[in-house]
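Okay, so chain A shows up in both of these, paired with chain B first and chain C after.
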Partner chain A sequence: MRCRRCGDKAEIYLKRHNAAFCNDCFQVYYSEQVRKNIRREKMFGSKDRVLVVVSGGKDSMALWHKLLKEGYDVTAMYINLGIGDYSDRSQEIVERFSEEYEAPLIVRNIEKDYGFNIPRLAREIRRSTCSLCGTIKRYLFNKVALDGGFDVVATGHNLDDEAATLFGNVLSWQEGYLARQSPVLPSTHPKLVKKVKPLFTLTERENLAYVLFNGISFIHEECPHALGASSILYKEVLNQLEEASPGTKQRFLTNFLKKGRKNFEACSETPDLRECSICGQVTTAEVCSFCRLRQMAEKKKMKADLWAQESENPEQ
Partner chain B sequence: MRVIFRMPFKREVEVKGVKTVKQLAEELNFSLESHLVLRGGKMLTPDEALKEDDVVEVLSAISGG
Partner chain C sequence: MRCRRCGDKAEIYLKRHNAAFCNDCFQVYYSEQVRKNIRREKMFGSKDRVLVVVSGGKDSMALWHKLLKEGYDVTAMYINLGIGDYSDRSQEIVERFSEEYEAPLIVRNIEKDYGFNIPRLAREIRRSTCSLCGTIKRYLFNKVALDGGFDVVATGHNLDDEAATLFGNVLSWQEGYLARQSPVLPSTHPKLVKKVKPLFTLTERENLAYVLFNGISFIHEECPHALGASSILYKEVLNQLEEASPGTKQRFLTNFLKKGRKNFEACSETPDLRECSICGQVTTAEVCSFCRLRQMAEKKKMKADLWAQESENPEQ
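Coming up: the complex of A and B.
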């Protein structure tokens, strides 16, 4: 196959665009997509301070690299979630990138900074690890952005992520979630920072190609807790449809955003937002879900310490 | 030809009689929508010819969460 732009030997074929590209022309295509998304969706401008949240995976590393190359004022944030070797290896990758590109990086460690271990707490309070991770990440993205004076939080969500989320929400007709799904989540409270997804029209495969073409290190393996996740099944189903009818994923998502979402707006409740009585972050309850988790972790720890003391001194 | 799958787990298979990347994907039942095929670190398009003594890597792009 020959490159559609320059006629050289192609290295990647994008079936949905019926186009093959060489390395250089793929980079042009990728840059155009990211620039168009940022501009058209009014995500941020050259003067805005952007906090890009990175996991060490291909999508967030591609986003970090691209935004730096485009000259935006970018700082990355990595959260070590304490998921064994997986977290330590991904932190190493992120730190190495930060050094190599002299790119500012903020690291938070859930266990060291906040005193709880996610897999253990998930077992103790019988909640799924992924749901705890989600609560913690959402809280910290906003807190770090707010405390650091950032204008916007950018995440590496891609076309496959967004199409799979939409597919899941349609399967169970989650009207509220459907009303809110968007590449831009505006700030709805002075203490809530705007969130954006500049890669929402690029597939996972295109992000993988981007990191490979640019020699960017990333963590290959999957989070051990994500194996068997329903989002992976949805992505596989959507890819089967895509093979039979190229462009299905993008049509599904972009036509929903253009034509479908507005029909769910009436279902979107405007929650009564207030500030957490402990930490001051925005919540719908008296105490935010992050502080409730911390309280639960502390209670469990106190009980365990007491039990350990009693077993050491059974006579007392 | 030796085919090495890298993600999510490493595994290797031997395949015979496959002539192109597209045929390899059909033979080993993986989707070219969600995978990249590399030889010598270079990505290959579906029409690329493969030889019996080639070593190719197949990388999955799907991630969960």
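Coming up: the complex of A and C.
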């Protein structure tokens, strides 16, 4: 098969576009997609300070690399979530990339900085690891961006992620979520930083090709807690539909953004935002959900310490 | 496993309801569903004359049987679509049921009455057999109901059908179709008969159990032209989601009807309905799509006859 642009030997075939590319021309295609997304959706400009959230996976590593190459003012943030060996190996990958490309990187460690052990806390308070993780990450993305004076937070969400999320919201007709799903979440409060997804039209496979073609290291496995998550089933199902009719995923998402979403706009309530009485971050309650988690974690820890003391001094 | 209602040995387990039933109690469950649907959605009353459209398949045979047992004023209509052996065998099944239950039946034969050979015409005018078939059936449902003075047309569409249709419409965000999808299509013109789907909350499997438990004959195979249709893929995909999370299909459809659909109501344009200048049936154009198909079929036939004549008398 020949490259659509230059006629050389092709190295990747994109069925949904019915186009094959060589390595170099694939990079041109990839750059054009990212540039178009940033420009059309007014994500950020060349003077904006961008905080790109990286996990060590192919998508966020591709985004970090691409934004650096495009000359944006980019700083990466890695959050070590304390998920054993998985978190440590991904931190290593991110740190090595930062050194190699002399790219600024902020590292946060949930257990060291805040005392959360996510898997343990999830068991103790009977919440899913993924929902806990989501709460903590959303809090930190915003806090680090705000404290560091960043204009925008960029994440590596790809077309497969966005289509799977949309699919889940449609299956249960979550009107509020449908109203808000977008590649750009604008700032609706002075203490809430804008969030963008520059890779929302690129598939997992295309991001994988990008990192492989550019020799970028990344962590291959999924987070061990994500196994069995419904989002993985939704991705599988969408892949079957894509196989039968290439372009289904993209049509599903882009038609939603163009035609579907506007029908749910009336369902989007503007929440009454205020500042958390403990940390000052934006919340809809008196105390934000991050600070509530911290309080719960401390209580559990105090109980455990007390129990340990009693075991050591059983006579008292 | 024991029957939820009477404690006897269960013969069917309905995972989405986490309930098992014996034969008799399943019939009670089934009747309650049909009655609730007819009453809640205001489909028809005991004095209404109902035209039930039957194909010989499990769903429409179950509907026909159930409505007769419930004492409604029911007449069935069977349309022989000229799809070879498949059509003839299903006609036999329907006629045998009509005799056995002394149930009134109207039979139409597309090829004999109108000269359409659906598979051949589809090839000649390059339209899919299924879309042609749909146009012809929709026309005849309404014409027969109108000519016979029926108040309502009932079809055997089940939960799997409705969920698959909804799924297809959502995948491409067909706003107009989403606005109109409903178990009840009211009459919006004096010459347009109301249409209802009393089995829209019952699954294929439940309709199958109903006909088996009641010893009702039915044609087991799908229409040969439906193989490979996207609706079959959508049903497979929904079955996978149902397997992983029982009740998904029902939640998807009922949440749409309760919460989702209202968001698309503004997208439903009231079409400018008038009467076809040839047959007088309701249409949005000068000539209705059925009469246009007839004209095309006649033209193709005239050409073929002319060609046959020329072959017989090559000297002229």
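Just so it is clear, the second predicted complex is superposed on the first by the 316 of 316 C-alpha atoms of A that agree within 3 Å, B and C clash if a C-alpha of one lies under 4 Å from a C-alpha of the other, contacts with A are read in each partner's own complex, and residues count from 1 in each chain.
We adopt the following convention: a residue touches a chain if its C-beta (ideal position, glycine included) is under 8 Å from a C-beta of that chain, and two chains touch if they have at least 3 such contacts.
Small disclaimer: the values here were computed from a predicted structure and weren't measured.
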{"item": "First, second, both or neither for A:R126, with chain B first and chain C second", "value": "neither"}
{"item": "Contacts of A:A226 with chain B and chain C, given as first, second, both or neither", "value": "first"}
{"item": "Per-residue contact with chain A, leading partner among chain C and chain B", "value": "B"}
{"item": "Which of chain B and chain C A:K47 touches, first, second, both or neither", "value": "neither"}
{"item": "First, second, both or neither for A:G57, with chain B first and chain C second", "value": "first"}
{"item": "Which of chain B and chain C A:D160 touches, first, second, both or neither", "value": "first"}
{"item": "Touched partner set for A:Q240, first chain B, second chain C, both or neither", "value": "both"}
{"item": "First, second, both or neither for A:R251, with chain B first and chain C second", "value": "second"}
{"item": "Partner chain(s) touched by A:K259 [first = chain B, second = chain C, both, neither]", "value": "second"}
{"item": "Contacts of A:S172 with chain B and chain C, given as first, second, both or neither", "value": "second"}
{"item": "On chain A, positions contacted by chain B and by chain C", "value": "236, 240"}
{"item": "List of chain C residues in touch with chain A within their complex", "value": "170-173, 175, 230, 233, 236-237, 240-241, 244-245, 248, 251-252, 255-256, 258-260, 263-264, 266-267"}
{"item": "Touching residues (chain side chain A, partner chain B) in the complex", "value": "1, 10-13, 15, 20, 57-59, 130, 133, 160, 203-205, 207-209, 212-213, 220-223, 226-229, 231-232, 235-236, 239-240, 242-243"}
{"item": "In the complex, chain B residues that touch chain A", "value": "6-9, 31-36, 38, 42-48, 59, 61-65"}
